[in-house]
Amino acid sequence: MISLLVAVLYVVVGVMLVYTMRHYLFTLNRLFGRHRQPYVDIGAAGWPRVAVFIPCHNEEKVIGHMLDALLACDYPSESFVLIPIDDRSRDGTRRILEDYAARFPGRVRPFYRTGGTGGKAAALRDASEQAPGSDAPIHLVFDADYLPGRGLVKQLVGPFFDPETGAVMGRVVPLNVSKSLLTRLLDLERTGGYQVDQQARMNLGLIPQYGGTVGGVRRSALQAVGGWRDDTLAEDTDMTFRLVLAGWEVAYQNRSECYEEVPETWRSRIAQIKRWARGHNQALARHWWPLLKRPPHLRRRAVLDGLLLLGVYAVGPLLVLGWGVALALYYMGVQLAAGLAAVFAVAMYSTLGNFAAFFEVAAGARLDGSRGRVRLLPFLIVGFLVSLVSVTWATVTQLATAWRRSPRTWEKTTRHRPPELAVPKNGVGEQ
Amino acid sequence: MGPFLVLLGVTLLWFLLPLLPALSELLRPSDVAPLKVVDRSAGLISFFARNFRQYLEKVLPAEAGAGDYAAKLLDGTEFVRVTRRPDQLAAPGAAENRLVVLDAPLTLPGNQTFLMECYARGPLVSGPETNYRAVYAEHELTLGESNRVFRWTHAGGPLTVGAHSVLRGRVSSDSRVMLGPDVVFERMGAPVIAHGSVQEPPARPNGANGLKAWQPPVEARKVGDHTRIEGDLDIPKGVRVSGSLVVAGRLRIGAGALVEGSVKAHRDIELAEGAQVAGAAVTKTRLSIGAGSWVGGPALAEKAIRLGPNAVVGGPQLPATVSGTEVELAAGATVYGQISGMRGARTV
Amino acid sequence: MPGKAADPALQQANRLEALRIRGHRGGIIRPHRSMAGIPWTAWRFLTTVVLGLGGLAGYVALLPWISRLWQLIFERGQAYLALPIQVSQQQLALPAGWQLTIPAVTAVTPIPDNRVLMIAGMASLGVLLLSFLLPQRLTPLRYFLRLMVLIQATALLYFWGSPEPFPYRIADHVYILLTAGLVVMALVPLLLGFTLHVFDLALWRKVVLTVLILGHLVVFVPLNVLIHVWLLMHATAVVMPVLFLVFGLLLNVFIFVAFYGWALSWRSDLERREAVPPVHAT
């Protein structure tokens, strides 16, 4: 029994060490490695037609600001159409969209869903296939609460001049940082995730993830892989791997920044991360084997990174399992019996292993020039604890109810933005 | 219990000591604003030049009189206005630390240094060995040999750059840029940029007459709207390739061949003489556009790009970007749009 | 040559070159944060290696003094707290055949009886209830309390139902925590090597930070262990798992992260030299 538990613990620690090394490698690469943003200097081009999809469900608080920001962008207006997708909103969203459509005919072409599966993925699927204007070769997607800058659309379209690019992803930057400790911690997490993690994956020729917003897909790629799937909770992760497995690349552009609203309450944060965990686990179940079989166009390191990326939310429950096993071994007195080596290993793992994520976040914040907020680093531990518990619970319940098919509904972050606070000072719209 | 509480208190205080900066930042935030993400330049290459122009409109006072004089802008910056005697700019202390407003068509003698911006209302010809912080010309601007500009350059009319000049930062013209040999620059944008002479793109960029259709190799596979080849690919001369190509190795496009879509290679791309790519040419390493070749769309390389003699990128109605770590332009190389060399671009 | 003024042409060339990267007010214009990296210099590589290994060597050299300090803290602590324990010494076998003397504690480890288990159970339930009464904005605290309750519950189950005697005595708990503390301290200079010294911070700051972290842990570890001993003597071994898993090594890591976050908020050497305030570069 002890041998079995020790073996399980070794496996868990081994997996954690792989992720730890990955964090360290990514951070060191981002700090010192060759930086890849090959498309960011495209200023002059024959800009293709673009359709910008904005899935909406009860977004009256934010959709107007979003449309204003996009209408102010510098993309050639004749090649640019906004397709807000209203999916049975019960608030004033539809009225707002109708108003914009009347004021900007041909540029704002709302798509109204009145039936079918609920949820963002289903909305995108229907609109991308049916909406007027959806025949544009490039489909960009923004969530309704985002605030893109004037040049963002051109920046996001740039990578699609590369015929191998199937999807592009920009960097999301929290706007409501100052609201609470939670928003400040999420800002740090986003910094680590985008400024370091995503960019390092781009630098190293791995698999940057398309994140479902502040990004887009090539229409022909979308069609080639079967379009958006509405039976997934994480259509972005799912799309990333379907594209990569089919031979497309995902381009990450660190320079293409866009404001977003992060959850302001722990309740909405927990709901968000549970959703991400379930969606990611779905993608893991679907794509790990095709990935492991390694299509000929994928390099080994991309396959490895892809598997690690797919497993990133499965690590939480694994970690909890490891703690449980360690606890059991503790009660069995194994730690003592193993002597100094065991203590050394535990101590080393606790420091080196736990610290990798902090290094990533701190490096990202420092690259951003955000020195002051790095002092909040120790509080990230509280965020990790909540995330760990939430992800584990989500995974456990997902496994327990896997046989049940739940109707898809809209799951999104609660909007907190008051109507008068459309833009920050010196934000979008500044000349 | 008492001694224990004392020990607990002391230990707790000691434990909290390194947390003081974190607690201070939590309770009295010093850094809590969102990152500034709006790119006011919106990618405009003449952004700094335009900003300067707008600034000048606000602070340049009405003329104090005819002729040349020194005065102050409305914000207190010293400036000197020149209409007749550009030679006096060479006098010690005359213009080196002053903003210079050149209010008439002028020819500067050369061997001068301007540590503040120069603004030319009329056509300006700059003598050799002149150094500028930045120069804005409303009309035509001719920089002589071995001129150096350190921040940005803009001309409302044609911009001509003499041999051995160095233009740092952004260079832009609303008309055209003609470059002499051995000119070094970083980023440049204009309707047409040429080294020596302007070349037109091929008359029939999508013409198929006389070209045999290219058959992809057996191992090629269709991925969406492009054809993918693992390994290297040599396209023979004089063939027509329909659609786009993605090559996992090296790509060579033979002389006179035409690719009607875009090309991407994970290694070097070489366009032989007269080859054409109607779309973009993108590589993770080096791109060589041979003599008389043409690329319609962006030409992007993550290492060096070389445009051979009379090579063309883009067209009059088809702006394009050339971007690489180093960019080299041979005589006659022409780009309609922008050139960006992260570590520098130069004419040879 | 000494005493000769610098060549005017060279001065002029330097002034001109500075125009490339200096703004109107003299500050340095830096690349956008999305493109920013840190230039890797030979000097920084050297200092990273030297500070990392040197810090470790310095720490190892100071181990005998650390050992004596810990012995003193334990002996004085035992007397101050009037703990019914005996403080002696034990040898810790280190690699390469070295030995280090660390404090050893001899005591009768109180094992909980049913009354103690009942009290601990009620207290755990109370904490659990409290975790549900706390407001949502204190969710992390709620989760933390529940985690502690969970671990405590396993301890209660063990003491209540396990036929095996509890494998740890106070002496073992002390040994493991002190040893783990020493190991963590040894890792500090190495970890700082490739996570802090790689940044462009003044050399003296890097040295000071290493000393501060080690100095803090040298004091904190034995004090923390003494508190554990007191709690174990009064609350019995039923609290040992929680103390070990939650209030042991993890606190050391927490301290390290706090220092690290503080250090990375310091100005870089470049900023300090150029007196440029931190900016959100656009």
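By written order: A, B and C. Residues from 1 in each chain.
Basically, a contact is a pair of C-beta atoms (placed from the backbone, for glycine too) under 8 Å apart; a residue touches a chain by one contact, two chains touch by 3 or more.
In this text, all values refer to a predicted model and were calculated from it rather than measured experimentally.
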B-C or A-B - the one linked by more C-beta pairs in contact: A-B
Chain whose Cα centroid lies nearest the overall Cα centroid: A
Identity of the chain that, by mean CA position, is farthest from chain C: B
For chain A paired with chain B, centre-to-centre distance based on mean C-alpha positions, whole Å: 32
Approximate Å spacing (C-alpha centroids) for the pair chain B, chain C: 48
Chain C residues counted as touching two or more neighbouring chains: 33, 258, 261-262, 265, 280
Residues of chain B touching at least two other chains: 19, 21-22, 25, 33, 35-36, 38-40
Overlap residues in chain A, where contacts from two or more other chains coincide: 257, 368, 370-372, 375-378
Residues of chain A touching chain B in the complex: 36, 38-39, 41-46, 74, 149-152, 154-155, 158, 161-164, 166, 173-178, 181, 184, 187, 218, 220-221, 223-224, 246-248, 257-259, 296-297, 368, 370-373, 375-379, 424, 426-428, 430-431
Chain A contact footprint on chain C (complex, rising order): 32-38, 40, 92-93, 136-137, 139-141, 143-144, 147, 151, 154, 158, 162, 166-168, 172, 176, 179-180, 183-184, 187, 191, 194-195, 198-199, 241, 244-245, 249-250, 252-254, 256-258, 260-262, 264-267, 278-281
Touching residues on chain B, where the partner in the complex is chain C: 3-4, 7-8, 10-11, 14-15, 17-19, 21-22, 25, 33, 35-36, 38-40, 113, 115, 131, 133, 148, 150-151, 168-169
Complex interface listing, chain C residues touching chain B: 12, 15-17, 19-20, 33, 77, 80-82, 212-213, 216, 219-220, 223-224, 226-227, 230, 251, 255, 258-259, 261-262, 265, 280, 282
Contact footprint of chain A on chain B as seen in their complex: 19, 21-22, 24-26, 29-45, 187, 189, 221, 223-226, 228, 230, 244-246, 248, 261-264, 279-280, 282, 284, 296-298, 300-302, 314, 318-321, 323, 336-338, 340, 342
